[in-house]
Each structure stands twice: as C-alpha cells, then as structure tokens.
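In the two complexes that follow, chain A is the common piece, with chain B as its partner first and chain C second.
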Partner chain A sequence: MEEELTSTEKLVRGKGVYVDDIRLPGMLHMAVVRSPYARARILSVSGGLNGNELKGGVESVGEGAAAAASETTEPIFGLKSANYAGQPVAAVFADDLYSAQDLMDSVDVEYEPLKPVMSIDEALRAPPIYSSTKSNIMSEKWRGEEFEIADAPLVLEDEFLNRRVATNPIEPRGLVASSEGSRLTIWISTQSVHSIKEGIVGSLNLKPENVRIIQADTGGGFGLKGGMYTEYLIAAYAAMKYKRPVKWVETRREHMMASRPGRGVKGKMKLFADRSGRVLGLKGEVIVEGGAFSGGMGEFASNFIALQCTGPYLIQKAHVRALSVYTNKVPLGPYRGAGRPEAAFFIERMMDKLADELKMDPADVRLLNATTEPFKSPTGLEFDPSRPFIEKALNEFNYRKRVANGNAGIGFFVLVPALQPGETCRIAVRGKKVNVWLGGNSHGQGHDIFIKKLVSDEFGIGEDDIIVERGDTDQLEDGVGAWGSRTAMVGGAAVVSVARKIKDQIEKEFGEYTPEHLLSNEFDVYTFERQKGSLTSLGGNMASVDIDALGTVNVKEIDCYYDVGRALNIDMVRSQIIGGAIQGMGQTLTEEIAYGPDGQLLTGSISDAGVLNAESLPRFNIKLADSYSRLPHGAKGLGEAPTIGVPCALARAIEKVSGRRIRETPVKPELLVGLEG
Partner chain B sequence: MTPASFDYLSPASLEEALGLLKEHGDDAKILAGGQSLIPLMKLRFTSFPYVIDVSRIKELKYIRKEGRKLTIGALTTTAELEESGEVRDEFQIIHDACSNIADPLVRNMGTVGGNLSHGDPGNDLPAVMIALKARFNLQSASGKRSVSAGDYYKDTFTTDASPEEMLVSVEIEIPDGRFGAAYVKHKRRAGDFSVAGVAVAFSLDGSGRLGSAGVGLTSLGPTPLRSAGAEKALEGSKPDGEGVKKAVEAARADSNPSSDFYGSREYKLFVLGKIMEKCVAEAAGRAQKEGSA
Partner chain C sequence: MSKINITVEINGQKKSAEVEGRMLLVHFIRESAGLTGTHVGCDSTNCGACAVLLDGRAVKSCTVLAAQANGRKVVTVESLSDGGKLHPIQSAFLERHGLQCGYCTPGMLMSAYWLLSRNPSPTEEEIRKGIAGNLCRCTGYQGIVDSVKLAAERMKEAK
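For the complex of A and B:
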C-alpha cells in the first residue's frame, strides 16, 4: 500500500497535481495574443476569439477590489485600444500547445501606436490617457487632519520610491475550465476558490449554482492568485462555447508582462520634529502607480498605505494625501505585504533621517517616539504599546553591542492583517474521519499542518484521523481567501469555532464529549466566523551587510523579532519568515519589473526580474514575542511581516556602510559606487 | 517548451553533419548543447526548418595537450574543460572562465564550440580565446580554414562562420618563458551572465615588463571584443604601473556597452576598470610561476 502523505509532503516529493498536470479528454490548449505596444489605438482585430465577440470587462474581485464598468476598467480583450504591453487582444485554441502557439499567427491586429505614459511623474504631467477622465489620477483621498506647525525646530523632507516587483511564484497562473450541460467546473491555481467564483459568476453573468471552482495544488501565490484575470474569463467562456475543456497556463514571460505586480509606489514625506528628536507631525503624499486600469489594488493601495504612514510611533498630527495614477503598464496587484512594506519604508527612512540630522542613535529616536499606551494615529493606525516591544527587540538583537560595528540597520512596523470579515470553515465527520474545509486556500504555506494541530487539540484525536480537503465551492458554501497575513489567524479561529460547535453538539446529545462519540457518529457543521475591529501586531528587524568596491551588497545577518501571537507551529513560522525575508531582500537589492521609455518590458525572464538565489542567503536570527491574541487559539498575523521589516532594516544597513542616502528600491550598485544619486 | 515545428537531424559523424549543412544551408542550424539555442527557440524568437543535433559526434569531444599547445574539440562540454586537471593547472584562465559560466547544469550541457559560436557578447569563453590569440578551426563539406579568435566575431549573434561551416576545434599555443593569463568576471548573483568580464594574457620579460599581450572583453559591446588599444598600452609596461591605467582607458575607448538590467553603461565601464586592474595583477602573479597560463 502506498504510504499516506500529507499535502505538504506530497508537494516536496513531486507528487502534487498542479493545473498543468490535469488532462481531460478532448481538452483544448489556449494561447493568448497580446498587444506588443504599451499604448495603441486598435484599428481592427480579426482571427481567433477576440473582443468583437467576447465583450465586457473584468469585474474586479478579491483583495482590495471594487466593481465598475467603464473605459478605465479592464476589458476582457482590448478592442479599440491597448493600454499596456501584454494586454490580451485575442485567444486561440488547439488540441496541443504547439498548434495553439502556431495559430497565434492567424490573428491580425492593426495597431496605431501612441506615446505611452510610463512613470508616476509622467502621469502627473501628461494629458489623460483616457478621454473620460480629466487627468491621470485614478483615485485621491486624504487621511488625518490638516495642521500647521509654524515654529517647528526641525522640518525634514524626502522622497522615496519602491519600484514594481513581480510576484514570481514558481508556478505561474493557470486553470482548466470544463463545461457540461449548464455546469461550468474550473480547476485553478488559487488563493481563494470563492473569490474566483465570484469573479467568474459576476463577469460572465452566470448563475452561482452553475459554477464550481476547485483548487488544484498551488505552487505559490504571494497575492497574485487571489483575484480575477481576463485570461480566466476567456478560458471559461471558450469552454462553454466550444463544449470542450480548455487549459491555460501562463509562461514565465507572460507572467512578467501580464501578471499584476506589486509595489510601484512613491512616497513624499515631511516630518516636523523638535531638537530632542520628538516627532511633532507628519505630512505625506503617497502615489501609487496603478497601471492601465482602475478597480483593483492599484486604485485602493494608496489609501491603505496612507493609513500606515505613521508607523509604530506616537505621531499626534498627520495629514497624508493618497493618490493613484494611471500609466501604460499592467495594472498593479497585491504582492506579499501589499502596501504595508511601502508605508514602513517611507516612515522608517524618515526616522533614520531624523536620527542622522540630530546625530542620535536611530534606536533612541524610535524609543523616544514609541508609545507606552495603545494608540490610534490620526491616519487611523491602531497598535499596542510599541515602546516595550522595541526595547525587547533591541535586547534580542543585542543591538547596542552589534550596532557598534557600524554595519547594522533596524526597522520597526505595525502589521495590519486582513482580519475582516473573518473566514469560513466546515468540518464533516464520517466513516471515523474528520474532514476539514477552510475558506482560504493554502498555496504552498502548508496550512494543513496548523489546521490538523488545531483540530487534533480541540478534539483530542490523532492527526491521522484528520483530512484537510482542497478548496471546492461545492463543498464549502462561502469563503474569503488566504492573503493579508490572515489564514492562521482568522482561518484558525474558524476551525476552532466549528470544532467547539461540534463538541457542544456532542455534549448535548451524549452528556459529555469524548473522541469516541465524535468518531463513531456523523456531524457536518459550517460556520462563517466573522471578525470585527482590528488585530494588529508589532515587528522589528535588524540587518547587517558588507558592500564591495563594485557596489555589490552582501547581506550577512537578518534578525527578526515579531509578535505572531501564539506560534501554532514553530517550523512553519520560521519558514514563513525566511521566505518573506528573502523576498524583502530581493526587493531591496535586485528585484524590479523595468520598462524602456517606449513601454517595452526590459525584464522578460525570472532571472532579469532579479529574483535572488540560494547563494544570497544570510544568517537568520529569529525570535518571537511571548504573546497570545484575543482569538481563541491565540494567533496573530505573520506572513507579510518580513517583507515589511526587512527592506527598512536593510536599506539602513546599506546606508550606514555606503555612506549614501537610500531612497529607492532596488538599491542599484551604481548609487553605491557613486555613479548616480 | 513549445518551439515552432522543425525537422530534427542527428548525424553520427562529422562528415555526415557537414553534408547536411551543405544540403540545407541557411535553413539549418547546428544544435550542440542547446543551452543558448533552445531558450531562443522555445520563446519562438527564432525558428529553423532543420535542426542538426551534433551531440552524437564523439570525434569532436577531446582535450589534447602537447607541450605548450592545447587543442579542444568543439563538442567538449564546458564542464569537462572546467574539470580537466591539465587545464586547471596550466591554463588557469580557461578554468577561471569555465567555472564562472552559469551553473553546473548549464556547464554539463553547453559546449565549447557553442559557447564560442553563439556570438553572444555575454558569453565568457570568447574573451578568453581572444586574449590567448587562439585559432578557430572551421570545416565545411568543401574544405577547412582557420581564423583567429579576434576576427571571428562580426556582430551580435553573428560570427565569421558561414551556414555551411562548423567550428571543429580551438587551438591555443602559449609562448615559451614566463607567461600569465587570467579572466575576471563580475556578476550580480551566482549563475548570472557578467556585468563585465576581462581576459588578459601576456609574457613577462626578464626585467618584469610585459611583452606581447592579449586583451578580450565580455559584455562590453555588441560582440565579444578585442581591445587592441589595451594590448598596446600594456606592452612594455610593468604590471602595476601607469601602463595598466592607460590600458583601462584604452579598453574603455574600445568598449561600447548599453545600459540594461545588468547595469548602466557608466557602471559597466567603471566595473571594467576595477576588474582589469585585478585581472592584470592576477595574470602577473601567475606569470611568476613559469610556464602556466
């Protein structure tokens, strides 16, 4: 008999079944014809499936989304215009992928190229891309209250930029869509089957009961796989039209062009302080490069970043403008951290600047401005007392001793997890097995490990009796998704809640709860465990580096001190931290999605996109705060913490060693050897 | 991996391969280790009606050393060259380059002939062969000829070999007496192509001055480059003297890098200077040990 593998073991032993492993009889392969121009008028399209037939747009769903249909929301196919290089204009289908790619030549598109708008600064200057908007501003909001401090002893101003970064999961996007009778079934690589269902149902106008979404094994997501994409709608439509299953798996090159990347944010900060180092007020402007279409992360990220611009500090006056702008690039999406790393980078860079200005230790400036009581900042950021946390972190880092070497930097932040609206769970007990479905779908994190632990602890049964089921909208009626550092926290709370409901039921029926009563009977309980308010946590990082004569940064050590609440599984926590820290390093050192001024993508491969490899790994010192949240199982958020804190600490370490002010990520060797900036 | 369709031909001998090249001319492409050609084909950046896989031709897989002369068969892999004890001990510059090409997976497949014939300005072996003044032996169904490494590179991805010709071997001969050579490559991450690479080879005379020198450059122009200016500046100078600074200036003048993901033009020229100094010093150190390159 074959040995039973956990879902995690299956993946690491190469026994996973990913979308590309799925083969259905009569299956068609889809290839997408994309605009080679960043901006063009389309005079005509013929051949393949195109916008003359399949009209409509992507109803934006998932993380940070809203729906509207207009010129500025993403159409399924570009028909009259193309607004980023890589935008789908047609799709072709064939029995195999080779023939599908051959067929791409049969599509004729007549373009009239236009001058694209390729940066935030250009967007603010240039005439509007769209005739229906007055400017290239996609959204504008203000946070905090206007204030004046006429006599501030110190006013510091600076400007920062986090360039766009691809999400680059090892498995790119993909799905298989199959239609039988009135039913459409989709197997997909995703962070949320329910969010995909909502998008398919809404965009293609289908009845919810006719659509079933099943999660295939998913090889990473990092925010990419929560939302709806035009390619999913095209494949689903084609499966219904041709009455044959349709598979689409994006190539890495398509991923670079057309998968929504993250970051791409500029921050302008103005800090008012006194000579003791106390911050008196903060004015800021956050400008997000939303890309070609509104309605997604690009539109809403600016407001979320503005919320967090005050960091873990007692800043009593703050006023931040949140702007998103249109450019001729693929729309922005969420990437691990999704607005959190940008806010932390902006405020932490200012705290370091303040320290340098006053010749103070950056740790002392932070301690001075930290809070001893719970605090809600004028921009709306709520957090626990940060002073005791920072003190403890500095001790854990052995900061006072190690920073004397001059090559270390620190960074602190508030992690705002996606707590609301909570998460769903279903537990069905039958045939002596406990089957668990969770609303947010694991995409490589190994959620099954903590789910089994929680269920086993609650029920007092062995983990062998527990089966963690894949995401399937037919099995679980509703759900949110795995993103925003939320699943161990809100998903875990839902698991505990359902388990306790079953225990209550058993107590009522049998007078007492025993594992035997549980396993020898049948139960089926579903709950949407709602969450309100906020449940933020604090985190801190330290990093140390060497820099050689050619401006190459070698990261030596990364220290982490995070409040993750109760750590449900310490190995999983460590691996989340290490993985996230490497992404934070990548963003700071090498990762970027870059375009030429003509709008052509310069970074077409995973190597060009600057993803780090194993040789870059530093030494990690990971410490966790002794903490327990208000949730029944004690967990807090974790997943995004390292992508928030590491760039802050690392930028400072590079600044210390190079003696050059760091304002942008990635930090280019050109700057470090004195050739620019 | 979905290239456009092509006919796959797999000759067992050199003679058969040259016959096929003659027959198909422009319509055919040699496939050796596939590490440069296949990535281009799978992205459909290029396609050919016929692909001639030469990897079965065992007669072109050898490393032969006779005295101070080294002959390398075109189908020798870069890993084989890297692992050869003779090469490591006596032609260290070749080892410098081979151990810096991509990663072991690529080196296990990629061949010397392919690395030299792809015409990629980022490939590491061409600069080394230019510095060593190697001779490339070309063969076609109608005859043989040989060209010097410095004359082989015509444009990006274009060499002096005609579609009917195949590079069959490379010959290197180092002069008697004290001779030193080194290759220094600067890259951003393990496994990357270079930001810039410099190969230097020269004799040292009794007074510690440089005799005849060869200088090859990687990633600094549209093709692998020979810097005749740097060679001239080095000749007659001391390895730690003014001549090296002049050589850097000359090499910069001979270079024409473009700004890209690997760095800006200015940065590449800056790197060139730093690694050239290091490279000359390394080669001079080796020259003290008589008879190795």
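For the complex of A and C:
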C-alpha cells in the first residue's frame, strides 16, 4: 500500500522521509561548537573533535565554485583564527540531541578577540584581514570597454545596496553519514548529490567509488543546498572515525549564523543619456560582500552581476568593475536569483531615475531603449528583441490605465539561466515500470510532475508507469544540480534525449516503437546531455502598494509576465512564481541578515530575518508569453524570474507612493514613516 | 538530569516513556513515539512546522514540554487520514498545490484542521489569519489558502 503512494501524497500523510526522520542503529547526534566572535585569534582549542585532529579545508563545489587552497579558503575547523561569528571550532557527539548539546560545555576555546571588518566600505578602508593578501579585495574583474562621452546632455549617478538575506528553507541543512568497511554512505538534504560527492571526496581525500550520496526528501533549497559545508565534512569524518552513523541537523539559529546567505551587494551606477531619454553609456561598479572566505559564490557573483548590468536595453557602451571583498561574516552563497536580482535592481532603479529626471513615463523610457533585434551588450549579455516583449507585457498589465492611479511600478529583466554544462539522465525500464534519475535533484519544486509528463508524452505511456527516483550517486554516475532556473530546461532536455535513444533502440530491434515493446522489455540508458551557448529569456513585473502612517508597506497587487518557453505544467509554474514573488517581496520589505558593529548577529530567528507569512499575500495576475525554446521540449528558465523582477517593480511602486527615492533593500519603515496621508 | 514517567495518548494510542524534564513535546512525538510527520523548523516558535492538536487545540509542540502533555491527548498529521482515505484537507492540498517541498505541510494541515473545526466557512482573510503562525518558504501561501477554501466547501457538502 505504501508503494502505491505518490511522493506528494506521502508528504501530506506525514510519511515523507527527510534527513531528520532517518534513524540508524547506534546513531550519534552531532552538535557544533562555534566561534562567538566575528574575528579572533584562537590561542587554544581542547575537547571534542577539533582542528588539531581534523585539518584541511572545504573544497568549494556547486554553483559559482572555484578551486583555491590557502589561508582564505574555509577550513573545516577554525584552529588559529576565527573569521565569522558562527564559524565551527569543534564538534561533539552523543546518543541524543540533548546530551550532545550538554557536551558542548566540555570544549574549551581560548580566544583573543580582534576588531572585525563588518561592511563593504570598511573592507575597502581597513587593513587586510589576512596577512597573505594585500587588501580586502577577494577578486577584481572588468567587463566592457573603457569609454568617454565628453558632452553627454545628462549624467546620472546613484548608489544602491541589497542587504544580505538568509535562504531560510523551512527544513534547515542536515545529513546522516554512515560508514561500513571502506564505504561511506550519506543521506542528505540537497539540490545535487553529485556536488556533495565531489566535495566530500575532494576535501576528505577519499576514493570516489567508496562514497555514495543519497538524497533524502528535501524541504526546500533556494540555492542553500547545492554546495559543500564544513559541517558535512565533520559528520562524514566522525562517522568513519567512530564507526557509528552520525546525524547533524542545523538549528534555525545556526542557519542564521553559518548557512551562506545571498545578496549583500552594492552597486554604483553612472548613466549617460540624451534629453530624449536614450541611454548613451553606462559605467558601473559592483561590490559583493563575499564574507570571510574565497572560492565560492562570493568570489564569482560580482563578475556575474557585472555581466547583467545593462538589462534588456540597447546600451552600446558599458564598462563595469566587478569587485568582491572580504569581511568577517559567513561566506556568501547563492540564494534564488544569485546575482540576477541585484543586477536588475541596479539598472532598473537607474531607468526610473532617468524617467523622473526627464519627467517621462518609466515605461516610455524603457521602450525607447529596448531592442528590436537580438542584442549582445558590451558586458556580454545576450537576449532576444526586448521591445515587443515589453510592449506585450505593458498591455497584459493594462499599464496605461492602471498606472494613472499613481501607485504602480514596473521592472524588466533578462533571465540568464545556468545552462552549462548540461545535465544527466538515466532511464531504466524493468518489470513494466520506467525509472528515471536526473542529475539535478528536486528540492521541492515539483520536478516529478513535469518529468513524468515529458516521459509519458515521449513514450505514450501512463504516468502511473513512471517512477521518478531520488538522487543517488550509485544509480547515476554523474550529474550537475538543480539551481539557476535550469532543471526544466537542461534536465528536461536530458530526459527527452534518453527517451528518444530508447525509442530508437526499440525501432531498430522491433521495426517500430510501441509502448508495449517498451514496457515488456528491459532497457537502461544514461546520457550527459551537453548544453552550449545561451538561452536567456525576458520577464517583467508590475506592483502596486499602499503605505500606512507607520511606514508599513502593504502590497496590493503583483503582475507577472514571463517567458518560460513551453510551460510543462501550468499550475506548477504558477505555484513556483507565487512562491518566488513572495520571496522577492520579502527581500524588498523585511528580509535581512543584520549584524551589530561588533560582528554579533542581530537577526537570530526566522521572523527577525523577515520571512513573510500568509497575511502579506497580495493579489496575483500571472501571464505567460506564448513561446517555445530551441530545446526539444521547448522549455526556458523559470525558478528565479520572480525574485529578479518583483523587487524592481516593488521598489518603484514604493517610491511613487512615498515620494522617497529607494536605494536599498529591505526598504526600512523608518524611511517611509510620517508620510502625508 | 532528573527523569519522569509520562503517558500521552497520541492518535488514540497510549505512549508511556521515561523522559527528561526538559524534553519538548515535539521530540517526544518524533523520538519516543517515532511519529516523524511532525517537523521541527525553528527554535523560536515562529514556523509552525511542529503544530499538533493538544486536547483538541492546535499548539506548537516545540513550545510545550513533554511532561506538560502527561495524561493528555495529542493528534498528529499521521492520524488525519482515515485508514487509506485522505482527509478532505489533505486531498485539497494535493489538488490545489498546497505544497511544494512538503516540509511545512503537516503543520499547515493541523492549523487548517483547527481553523475549520472552529470556523467551517472561513473567508480568505480568515484563512490567512488562521495560518499566519505557519511559515512556508515555497508556495507563497496562495496554493495553501486555495486548498483550505476547497476543503471547507467539501467538508460542508459532506455534512
């Protein structure tokens, strides 16, 4: 009977198996002792498992990963120094969670606190945190070409900040590691079992064939669960050392301190334009607060944001400096959008400023600068003609009529999905069932639904005959991951490719393809479907708000118009969009990971961090562009669209209603308080 | 740590165990009774993933000590369905996309159950208020509100 339940049906019955639900005989619970200081010299550590025994660093894997090994790479345990409040210095193990927490007192650490570097501005001024680097600059790159426009009629400058935001899936990070003989098996909440395997194998120096990673039911990821974390290595090492399974599940407070957050980016923009509203050039500087260690998203994000700074516009001259800096905060990670929302925020805020300067309608400024041909901007951003898209979107929003009420804002963007290098898929047919494994692992986006639909369309069989399997490195030899709005595209393309290979095989063997031939025989085909080039899509949002006397913003309505290619399941797409839109609202209105000047975390709980509840739900109008991509199944990217477009539209709506220029997210009520009714 | 003997009736079955005074009800349900449908999502009573019924009222089981539940009745998500048959709230969640990752779902279901037992025909506004103590990071809540509305209609028809 259990066998018959679909995966979602299990979840509504409370029969899901998330990491915390796994119990193995003799299992130990791990608790992590963390630095209370943002920056300190560590004079000594004793007790528990600590850096005197387990040395080495975290191999950076997943989205935005780069290899590096030095003082600036995250160590498994802080041993001589601690560089953010929450950095692991030791771990303890006990039969149950309560005893593990008690045992934390048995660890002695002697710290000598140092003055931490806590902001981008401070990082640029302060002496380097690390003795091996000349400054606090983690990386510096340039995009576009240097230019001069001596006689531009209009030069507009402004500075923006998207503060750090926690990913906050309702299920926090966690894993169970178990070692038998030479074999290490890990059940984990993840977006990519293969990334986790690569990180475990590389950091702990193990043989790939001895490591198996299995995905547990995964309670949301949003970027958080694609990469490697020091706690995973500690648990894996301890399971091998103690010859007992080890479970670790982070507390929400640990999530706030030590899970990598997103955003944390400053943008300085200088726009050159003529008096008709045409943009002549753009100079910019993007500064990412990378946090304490290099090698991950923090290092990668600035260049990725610089790429997108020109937005969906025909900007012929652009030159953007991309900086990432070190601070004494937890390293930055990817959070839904991962660089895309920041770039859109910077350029869209400038387009609104340009409109205000010339007393033009913001929609007209955008239309004037949109493209009628495919375009590649000087920073490298490629996209389809944006003018027809923006026109269509404004129509769908009924913009001309509704904006007359004075409270709507709009925002447009190019969604750059993480297309490369492609994705893997394996389909095994046996016992009249079709089993499917995908290299990117669903963490709650309902991938099962569209995979089943694709497989059933390709094979002409019922969805009941199809089983979408969880990620398991023993069942699928390679894989990439589920992030960057990619799975419906690259995962879908891999599914279609394998299905067609099996159909070809059947045609060769039996002269023709029939579902009966498929189900009454056995097949097992794997492929890595490579992807090259770019497959960007366009999107737009409109938002309208009220603001009360206390400065509280009430979002009334959000309109979305996105090009998601062929929508494989319209209800699922809507649900994804609304979920992302509420996250975009959260970033704009309330969400923030904040620290005091001494480096102490001020936002220790999920509500301090500003996650919105059901009472903030606005009305949604969602429309999809009718299109079909060049992929065999026609899909384009989706997942991140609302987190990119909603903050742009919302910031403008707030600006119009309040009359105050919006430069930062979250928009603090202090800025809006005491407005005339 | 001093231990105490407690007996709690969970989903109609008596469960006795010797527990530490500090043990939270959510851990008693998950660890001692082995019912892992009730989830833990925070340590500050904000998320509601741990919601259960205690003597018929919805509570966040991470804010109640196991010892406080001694001699009382707890109902968890596992007993919402009647044998194989899903409760109308559960089937509505499946039909109206009331979940994506499912981690908040057991708590949402219990809060919705409690809401509908007090107010069988809630307005959309009342539904939002009713689940305001439960956080969901995936769905943006619209699917959940729609699910609860559908469930309310079905439950009224069935009466």
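Here is the rule we use: the second predicted complex is superposed on the first by the 668 of 677 C-alpha atoms of A that agree within 3 Å, B and C clash if a C-alpha of one lies under 4 Å from a C-alpha of the other, contacts with A are read in each partner's own complex, and residues count from 1 in each chain.
By definition in this document, contacts are C-beta pairs under 8 Å (C-beta built on N, C-alpha and C of every residue); 3 or more make two chains touch, one makes a residue touch a chain.
Source: prediction; values computed, not measured.
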* For chain A, which side has the bigger count of touched residues, chain B or chain C? -> C
* Asked: Just chain B (first), just chain C (second), both, or neither: which does A:E615 touch?
  -> both
* Considering only the touch criterion stated at the top, classify A:R253 as touching first (chain B), second (chain C), both, or neither. => both
* Applying the touch criterion given at the start, work out whether A:T603 contacts chain B, chain C, both or neither, answering first, second, both or neither. => first
* To do: Figure out whether A:I582 sits in contact with chain B (first) or chain C (second), or with both, or with neither.
  => second
* Now for A:L550: first (chain B), second (chain C), both, or neither, which partner does it touch? -> first
* Quick one: classify A:Y98 as touching chain B (first), chain C (second), both or neither. => both
* Determine, under the contact definition given at the top, whether A:H443 touches first (chain B), second (chain C), both, or neither. => second
* In the superposed arrangement, which partner chain does A:P88 touch: chain B (first), chain C (second), both, or neither? -> neither
* Tell me which partner A:A594 touches in the superposition: chain B (first), chain C (second), both or neither. => first
* Residue by residue on chain A, keep only those touching chain B in one complex and chain C in the other, then list them. => 97-98, 253, 607, 613-615
* Mind listing the chain B positions that touch chain A in their complex? => 2-5, 43-44, 186, 188-192, 195, 260-261, 263-264, 266-267, 270-271, 274-275
* Structure fact -> Per the touch rule, the chain C residues reaching chain A in their complex are 1, 20, 22-23, 27, 30-31, 35-44, 46-47, 49, 76-78, 80-81, 84, 86, 90, 93-94, 97-106, 109, 127-129, 131-145
* **Interfacial residue positions of chain A with respect to chain B in the complex** => 97-98, 101-102, 253, 549-552, 590, 594, 602-603, 607-608, 610, 612-616, 668-670, 673, 675-676
* Touching chain C in the complex: which residues of chain A? -> 1, 8-9, 11-18, 20-21, 96-98, 168-172, 217-220, 222, 249, 251-253, 443-446, 571-572, 574-576, 578-583, 604-607, 611, 613-615, 617, 620
